[in-house]
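The following pair of complexes shares a single chain, chain A, combined with chain B in the former and chain C in the latter.
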Partner chain A sequence: MTHSIKRGVSLYSFQEEYFLRKLTLEDCIAVSVGFGALGIETIAEQMMPGFPDLSDDFYRRWDAWREQYGFQPTAHDMFAELKLYPDRARPTGELVEDLKKDIDHTARLGATVIRILAATPAEVVELAAPYARDKGVRLATEVHAPRRFSSDWFASHFEVAERVGPDVVGICPDLGIFVKRLPKVLWERSLRDGADSDFVKRVVDVYDSGEDTSTLQDEAERLNLGPLEQDIALQATRFIWEEPRQLLDYMPYIHHVHAKFYEIDDSGEEYSIPYQEIISVLKEGGYDGYLSSEYEGNRHIQDAFEVDSVEQVRRHQEMLTRLLADED
Partner chain B sequence: MTRPELLLGPDAAVAGEKGLEVRIRQPWYRSLPLSSVLDVAVELDGTPVPDDRIRLRVNGRARRIAELAPCWDEIWFIQDEGAVEIDGAAGSPGDEIAVAVAIELAPTSSSTGWGR
Partner chain C sequence: MFDRYIIVENSLRNVRQGSDVVGFAFDARCGYYRRLILSMVEELDVEVDGTPVPRQDVSLTVGGRTYSLDEMRSEYKVAWEFGEPATVTVAKPGGLPAGPHDIRLAEQLRISYLPVPHTPVTTQTLTVSA
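Now for the complex of A and B:
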């Protein structure tokens, strides 16, 4: 099936190396482009110190990198600072003003999408939408586990998207909503920490068979198990499996995709997320945006292993290349 | 989210001007306003240090923990090291002290808090 799906990387993937000052913003771009991932998604508050008041110098440097590496800026990830004031809620008007700064920044980067953090009130998106339209920027609310398409939360955001129109407001599915098997890195860590192996196996079995995970914490309590078992039971409730074909109901609204992954093992596959099935649906639906690699395995392995986000992204991009080329 | 060993390296504790100083990082994947630091707790050789002897120094300015809450417009960049200043805990070169530091953060964008 012919398609126009493009490959990209969210620089979120390199958080560990950036934190440790092993990679700079420019390094992260160069590494991604080296894997043929020409769409670059950025988190200003991670790698652009001074945001939202970035200097002309910064933007000139950015333009020069674009020229040098030939990448396309894809999305800017915004954060709604809902709890900025310890003693009072953030007024809606201030959140809208913040979002307008995000829109200006996105337009200046040359990107066309803002990842709207799921916690952002739908009203804020609607109020900023006319400004986004003027600037040629689309607002894509992230559909992120454990939130589901069937939730009231989704309904309220989708209502705004329908009212404003998909040319400006839409969604950014995070593929972490399609976790079919509990990530191996998650339960292996639990075992390393010393959790009861029978109970960990029970959690994995319940999750992987699609049964209800919400009773696992009670079960751990009945068995007189400790905090490690409580923790894996709780974590299992934060992962979800949605049917990928649901994406077909929202195709005109899908402006960006966070290609979340926890681990690409030596076989070159993502253990927990069935990428082939998902990409096949995106092709069928005519998705023509970016699959933006988002590595999130570091936190689960850093107790015992050297984190190599670059190698993980390389493997992920290799897998995407293969699946995008498949004739299915 | 980053492992504790990354926040507090083996050489984190140094003798400062007024006492002991513990170098510390902000354990999140993006920069946060100082107001998101809810608490910094320190133990020296297993004994908790009272709040009035602790200051957090970020961007070159040291503040008591209670002074952080209103600092919502000052950013702690994730690559920048801060320091916990502990008044009166001076030692001599070569002393061995067991230092424990716990930092409690509540990222300002999330609807729920996040523990230490």
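Now for the complex of A and C:
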């Protein structure tokens, strides 16, 4: 099937290396472009110190990188600072003002989408939408596990998107809502930490067979198991499997996709997320935006292995290239 | 997610004021996946060789400015940038004796979308040189 889906990388993928000052912002861009991923998604609060008050110098450097590396800025990831004050909630007006700064920043980068953190009140998105429209920026609320399409949360955000119109407000599905098998890196870590192997197997079996994971913590308690078993039971409730064909109901609203992955193993596949099935649906629906690689395996392996986000992104991009070329 | 990296290796030293040793310090990173504005750093619990340090003796220096834990609560602008070492100073006349010490740091961070604070914690053995 012909399609116009494009490949990109969220620099979130390289957070471990950036955090430890092994890669700079420019390195992260150069590495991604080197894999043919020309869409660059950025998290200012990770890699652009001083945000939202970035200097003209910074933006000039950014422009120079765009010219040098030939990438397209895709999305800026915003965070609603809901708990800035220790003793009171953040007034809606302040959150809207913050979002306007995110919009200005996004427009200045030359990007066209803002990933709206799922916890952002829908009202804030609606109030900032006219400003976003003026600036040519689209607001895409992230649909992120454990939130589901069938939730009240989704209904309230989607209502705003329908009211404002998909040319300005939409969604950014995170492919972590399509976790069919519990990530291997997650339960292998649990085993390394010393969790009871029978119980870990039980958690994996329950999750992978699509059964209810919400009773697993009680089960651990009944079995007199400890915090490690409680933890894996809890973590299993944070992953979800949605039917990928649900995406077809929202195609005009999908402005960006977080191509979440936990591990690309030596076979070149993502163990927990059925990418072929999902990409096939996106092609069928006529998605023409970016698949933005978002590696999130580092936190599960750093206890025992050297984290190599660059290699993981390379493998992920290789897999995307292959699946996008498939004639299905 | 970054617990194991929050204490910067080889960063423990005694702090002098004139000829007096008035405390000790080490460098720390904020154990979250983005920068946090200081008002959201609720506590920095420090233990040295198994003994908790009194809260009022702890301060954090970010970008050249030093804050007590109480002062941080109302700092709504300055951020502890992602991966950026800041200095944790503990007031303690005489400082620490030369040699290895077990430093435990727990950072209580108020996160916009989490119901309870995210609390990265680690213990590291660091050495004060003679």
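Note that the second predicted complex is superposed on the first by the 328 of 328 C-alpha atoms of A that agree within 3 Å, B and C clash if a C-alpha of one lies under 4 Å from a C-alpha of the other, contacts with A are read in each partner's own complex, and residues count from 1 in each chain.
In this section, contacts are C-beta pairs under 8 Å (C-beta built on N, C-alpha and C of every residue); 3 or more make two chains touch, one makes a residue touch a chain.
Values in this document were obtained by computation on a predicted structure and should not be read as measured data.
Engineer: Looking at the combined model built on chain A, do chain B and chain C fit side by side or clash?
Structural biologist: Aligned on chain A, chain B and chain C clash with each other.
Engineer: Which partner does A:Ala119 contact after superposing on A: first (chain B), second (chain C), both, neither?
Structural biologist: Both partners.
Engineer: For A:Lys83, select first, second, both or neither according to whether it touches chain B, chain C, the two together, or no partner.
Structural biologist: both
Engineer: A:Gln15 in the overlay: touching chain B, chain C, both, or neither? Say first, second, both or neither.
Structural biologist: In the superposition, A:Gln15 contacts both chain B and chain C.
Engineer: Kindly classify A:Glu45 by the partners it touches after superposition: chain B alone (first), chain C alone (second), both, or neither?
Structural biologist: Both partners.
Engineer: A:Arg61 in the overlay: touching chain B, chain C, both, or neither? Say first, second, both or neither.
Structural biologist: neither
Engineer: Across the two complexes, find the residues of chain A that touch chain B and also touch chain C.
Structural biologist: Common to the two interfaces on chain A: residues 12, 15-16, 18-21, 43, 45-46, 49, 79-86, 117, 119, 299, 302-303.
Engineer: With touch defined as at the start, can you tell me which chain C residues reach chain A in the complex?
Structural biologist: Touching chain A from chain C are residues 1-2, 4-5, 29, 33-35, 37, 39-40, 42, 73, 76, 79, 81-84, 110-113.
Engineer: Could you pull out which chain A residues touch chain B in their complex?
Structural biologist: Going through chain A, the ones touching chain B are 12, 15-16, 18-21, 43, 45-46, 49, 79-87, 117, 119, 299, 302-303.
Engineer: Once bound in the complex, which stretches of chain A touch chain C?
Structural biologist: Per the stated touch rule, the residues are 12, 15-16, 18-21, 43, 45-47, 49, 51, 79-86, 117-119, 298-299, 302-303.
Engineer: Considering the complex alone, what residue numbers of chain B touch chain A?
Structural biologist: 1-3, 6, 25, 29-31, 33, 35-36, 69-70, 72, 75, 77-79, 106-111
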